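Take a look at this one; I'll ask things after.
Labels for the chains are A, B, C, D, E, F, G, H, I and J, by order of writing; each one numbers its residues from 1.
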Amino acid sequence: MAILETFPNRHPGRDYTIIHTCPEFTAVCPKTGQPDFATIRISYVPDRECVELKSLKLYLQGYRDRGIYYEHVTNVILDDLVAALKPRRITVEGDFHVRGGISSVVRADYEAPRRARARSRR
Amino acid sequence: MAILETFPNRHPGRDYTIIHTCPEFTAVCPKTGQPDFATIRISYVPDRECVELKSLKLYLQGYRDRGIYYEHVTNVILDDLVAALKPRRITVEGDFHVRGGISSVVRADYEAPRRARARSRR
Amino acid sequence: MAILETFPNRHPGRDYTIIHTCPEFTAVCPKTGQPDFATIRISYVPDRECVELKSLKLYLQGYRDRGIYYEHVTNVILDDLVAALKPRRITVEGDFHVRGGISSVVRADYEAPRRARARSRR
Amino acid sequence: MAILETFPNRHPGRDYTIIHTCPEFTAVCPKTGQPDFATIRISYVPDRECVELKSLKLYLQGYRDRGIYYEHVTNVILDDLVAALKPRRITVEGDFHVRGGISSVVRADYEAPRRARARSRR
Amino acid sequence: MAILETFPNRHPGRDYTIIHTCPEFTAVCPKTGQPDFATIRISYVPDRECVELKSLKLYLQGYRDRGIYYEHVTNVILDDLVAALKPRRITVEGDFHVRGGISSVVRADYEAPRRARARSRR
Amino acid sequence: MAILETFPNRHPGRDYTIIHTCPEFTAVCPKTGQPDFATIRISYVPDRECVELKSLKLYLQGYRDRGIYYEHVTNVILDDLVAALKPRRITVEGDFHVRGGISSVVRADYEAPRRARARSRR
Amino acid sequence: MAILETFPNRHPGRDYTIIHTCPEFTAVCPKTGQPDFATIRISYVPDRECVELKSLKLYLQGYRDRGIYYEHVTNVILDDLVAALKPRRITVEGDFHVRGGISSVVRADYEAPRRARARSRR
Amino acid sequence: MAILETFPNRHPGRDYTIIHTCPEFTAVCPKTGQPDFATIRISYVPDRECVELKSLKLYLQGYRDRGIYYEHVTNVILDDLVAALKPRRITVEGDFHVRGGISSVVRADYEAPRRARARSRR
Amino acid sequence: MAILETFPNRHPGRDYTIIHTCPEFTAVCPKTGQPDFATIRISYVPDRECVELKSLKLYLQGYRDRGIYYEHVTNVILDDLVAALKPRRITVEGDFHVRGGISSVVRADYEAPRRARARSRR
Amino acid sequence: MAILETFPNRHPGRDYTIIHTCPEFTAVCPKTGQPDFATIRISYVPDRECVELKSLKLYLQGYRDRGIYYEHVTNVILDDLVAALKPRRITVEGDFHVRGGISSVVRADYEAPRRARARSRR
């Protein structure tokens, strides 16, 4: 997988929000081998690092040939972003196209523990 | 009725949300024998189990020939999903087409008692 | 006026919401004698009774020839539904068409006192 | 029924188009006695007369208590406007609300014979 | 199948258009046994007969349990309406929900031969 | 300026909301002399008086030839309505058309002090 | 009234189209004295002259205090633009806000005679 | 590449239209190696053969790993469908996502020569 | 200005259409020095050459600091594309943001003379 | 950079909200030198000063030739507005066009400390 690159947050003294929306996400269903399509929405409050946009694009492209379920992929993207960015708060949402007449959304959040946030602002 | 199959939640340590939207629901009005049409929206926070998408489709198709009222069917779907998934929280919404110039929405929620949730996270 | 008929709520142990939307409401302006048009939206949490859909349609049609003001009709519909259903909570909203270049919405709520609700759940 | 009043077209030397859209039309179904609702759209090229807007409103309100079918009412409105305006061309469209899960549009046109139009421009 | 009933066209001297839109059509895929869903749009110029709306509803409901392909059902509805109404012109359009990530529309027309139309206007 | 007329609130025992939307507001920019255009939205909980709709229309038309800034006019309309209606709560919003590539909204609220409201309900 | 200023068309060898849309048109109803509101749409193929945008704005503002009917004002704007621009083709459309529950559009065209156009291209 | 399978057209005596819309098309840019995304729209009048929907899905999925330009891929899909279906008329449209701030549509048609069509109807 | 680069049309035997939409066009008003913003839409039938997408982006960016009027810039873009591509047919449309309460569209076409097209297909 | 001019708030005794939306923001990407495009939304509760609209327009135009990242520019606009207006509360949101298939929003808030606000109301 491509590495999620970061750049330093120039405004760490302020809680602000960055939202990235990628309607071009595709992976493969591990059960049927058929391609899945989704819009991935990422919303986070950066601490010391912001995600670099081009590396995010390449990271998301890295799922193109992987077999992975809806619920899992949304949580894995969240875990990878938490590991790379250590954000104060983050939400990842996968909005998947209709399959069998049913469309599906999976939404997962992470919030940094208070202590960690206090430290990171010093 | 088709059985609601489940698969293990791989991220039980995190409260996250799964939303399924099915605009292809149809049942029969028990009074008039006429078909009813609705969009069913299901939103839940899984505990140990997630609902398998294909079994959900078959379960909802199981209402095609049943005579059942709006208010009742929404609550029954909720009860069946609670029994099968034992979710932390769940909302079921039935959005029914116009009849007699009036459209109707029925929305019901369930939240697991605190004790049950504490146990299930061990 | 047509009588608002009810049927027993089969799920009184649960607070759930029923929403009816009627875009075919018409009454008469008492001042000008001109017809008024509105969408009526009713949202309630039933206690022991639900409103029967056909009787609701006939009840709303009963305003067709009555002269009544926007503010009053919305409150009267609320009063009549409270009397017939004794709901736990209810909102009635009248969304009236443009008159003199101005459109108008009137929205009124009712919530049952705690004691009444406690009793009704026994 | 209210009379369709007219006023003289001040620009008879030019073929131009006037469109009136009335989303507040209601009549009664002759079969069921239930109210019907529609948007009436009128588009015409005036010859010597234009329809006066207030009289058009009152004329359309005149159907409020009449029992009349979709197909018939659209053609009758067309006939009445042709008789009152003798327009060069006219289209009347009734766009009726959903009944039994089906919405309906009826659209009828009239075009004055060439000779009549030639005369009226002298 | 329910019979398509008709009533006499009261305005046969005029070519006008009637459009019915039914978003509540469902049939069964003959290959997979799964339900299909579509919106059926019918637009026709009546000659001596118009289709009665309730019988049209029941006729379309008659496909609920039939196994039939998209292309075929649209043409069969057209054939049945032509046989019942002998219209001057008619278009039937089936707009089918997404299957395998692809949505499909099938549209078929019929126009009565000139001679037939001339006769029917006598 | 036209006077804001009122009529007695027939349901003072209940907190309910009245919303008026006027997309036909125009005034004059005091700096450039150019006309400004806006939609004015008024939402209030009446106490003893409701605003009469026609007088509201005439009141808003009274700004047609006045030179007044966005921020000021929204607050002045609020002040005038508070003076005339003594409402329990009120919000006035002016939504102004694009000028210099920028559109602007000004929104102001008023809430009656507790003591005043208690008295007025006796 | 403000004068419609023009500037020379730099591409007279080509038939091309210029469309101006003004949603900020207001005049006064000569019957009731009440303000009217409309969107004016102008679409033309210039010959030797194009209309200067600021003078068009001022020209349209010139109707602010004039009493004039829908049908008439649309034709007068067309006549004034034809006189000022001598365009190859032009359409003027006035799209007027709801009055008495009815919205109205008036649309008028002009096309230069062939001879005039031939000359102007020399 | 997957083979485009067909099934016999059961209504060859009638010119009718089949439209397939696939918003899940993806290929690779031959220049940059980056994935491209598009909606493919196919509209055709069948002669003796219709395209089988599942094989169409697999055929379009076959581009997932191919490097191919916008203009070329749209024409190649058209050529392949013409070869497989020998339709009376066909249009293929590729509607490609924004790249460098610019979105692109490529649309290509084919119409069978008169002689071929005459023969195929015998 | 950036040069409009081209690549050979691989399907010159077929008249097909390429549409590019760029909502990120900006230039400078020569009169006021203020920036103008527009969406540029280009639709053409290629002959021997197609425009290369990146060079088109750079070409359109080349107007960023140029003072040029709406009518003129649309025609100049058309002229430049005709010179670079010698297309069979082309339309350029500039859709400019609101200025002074008026939005403007300028649309210009070019069609190659028959003789030129015949030659180019040899 | 242009200076953000202010004018005195005439209603400092009331917390009210002013929202400015500018869809015509453009800057330059410091990495690629390519232009970026965004809609800037500013929402604030004024204290003693309001931002003058024309100076805001010129201020935002001042970024046209500056190389600056999404995250940074949104925070800098916020800092500059806080310095110029000393508002009670303010939110700045930059909504940036698609780059590499991903669109981005950056949203930052500021709230004046209680003490400062208390003082400013004296």
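By definition in this document, a residue touches a chain if its C-beta (ideal position, glycine included) is under 8 Å from a C-beta of that chain, and two chains touch if they have at least 3 such contacts.
A quick note: this is a predicted structure, and the numbers were derived from the prediction, not measured.
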item	value
Steps in the shortest chain-to-chain touch route ending at chain G and beginning at chain A	3
Partner chains that chain D and chain I have in common	G
Comparison of F-G and C-G by number of C-beta pairs in contact, larger one	F-G
Interchain centroid distance [CA atoms averaged], chain B/chain G, Å	57
Centre distance in Å when chain G and chain I are each reduced to the mean of their C-alpha atoms	28
Sites on chain E at which at least two other chains make contact	23-24, 37, 97, 101
Set of all touching chain pairs, with the criterion as stated earlier	A-B, A-E, A-H, A-J, B-C, B-D, B-E, C-D, C-F, C-G, D-E, D-G, E-H, F-G, F-I, F-J, G-I, H-I, H-J, I-J
Residue numbers on chain F that touch chain C, as the complex places them	9-11, 14-24, 46, 50, 53-54, 56-57
In the complex with chain G, residue positions of chain I that touch it	70-72, 74-75, 99-110
Residues of chain G that touch chain F when the two form their complex	23-24, 26, 34-35, 37, 61, 64, 97
Touching residues on chain I, where the partner in the complex is chain F	37, 97-98, 101
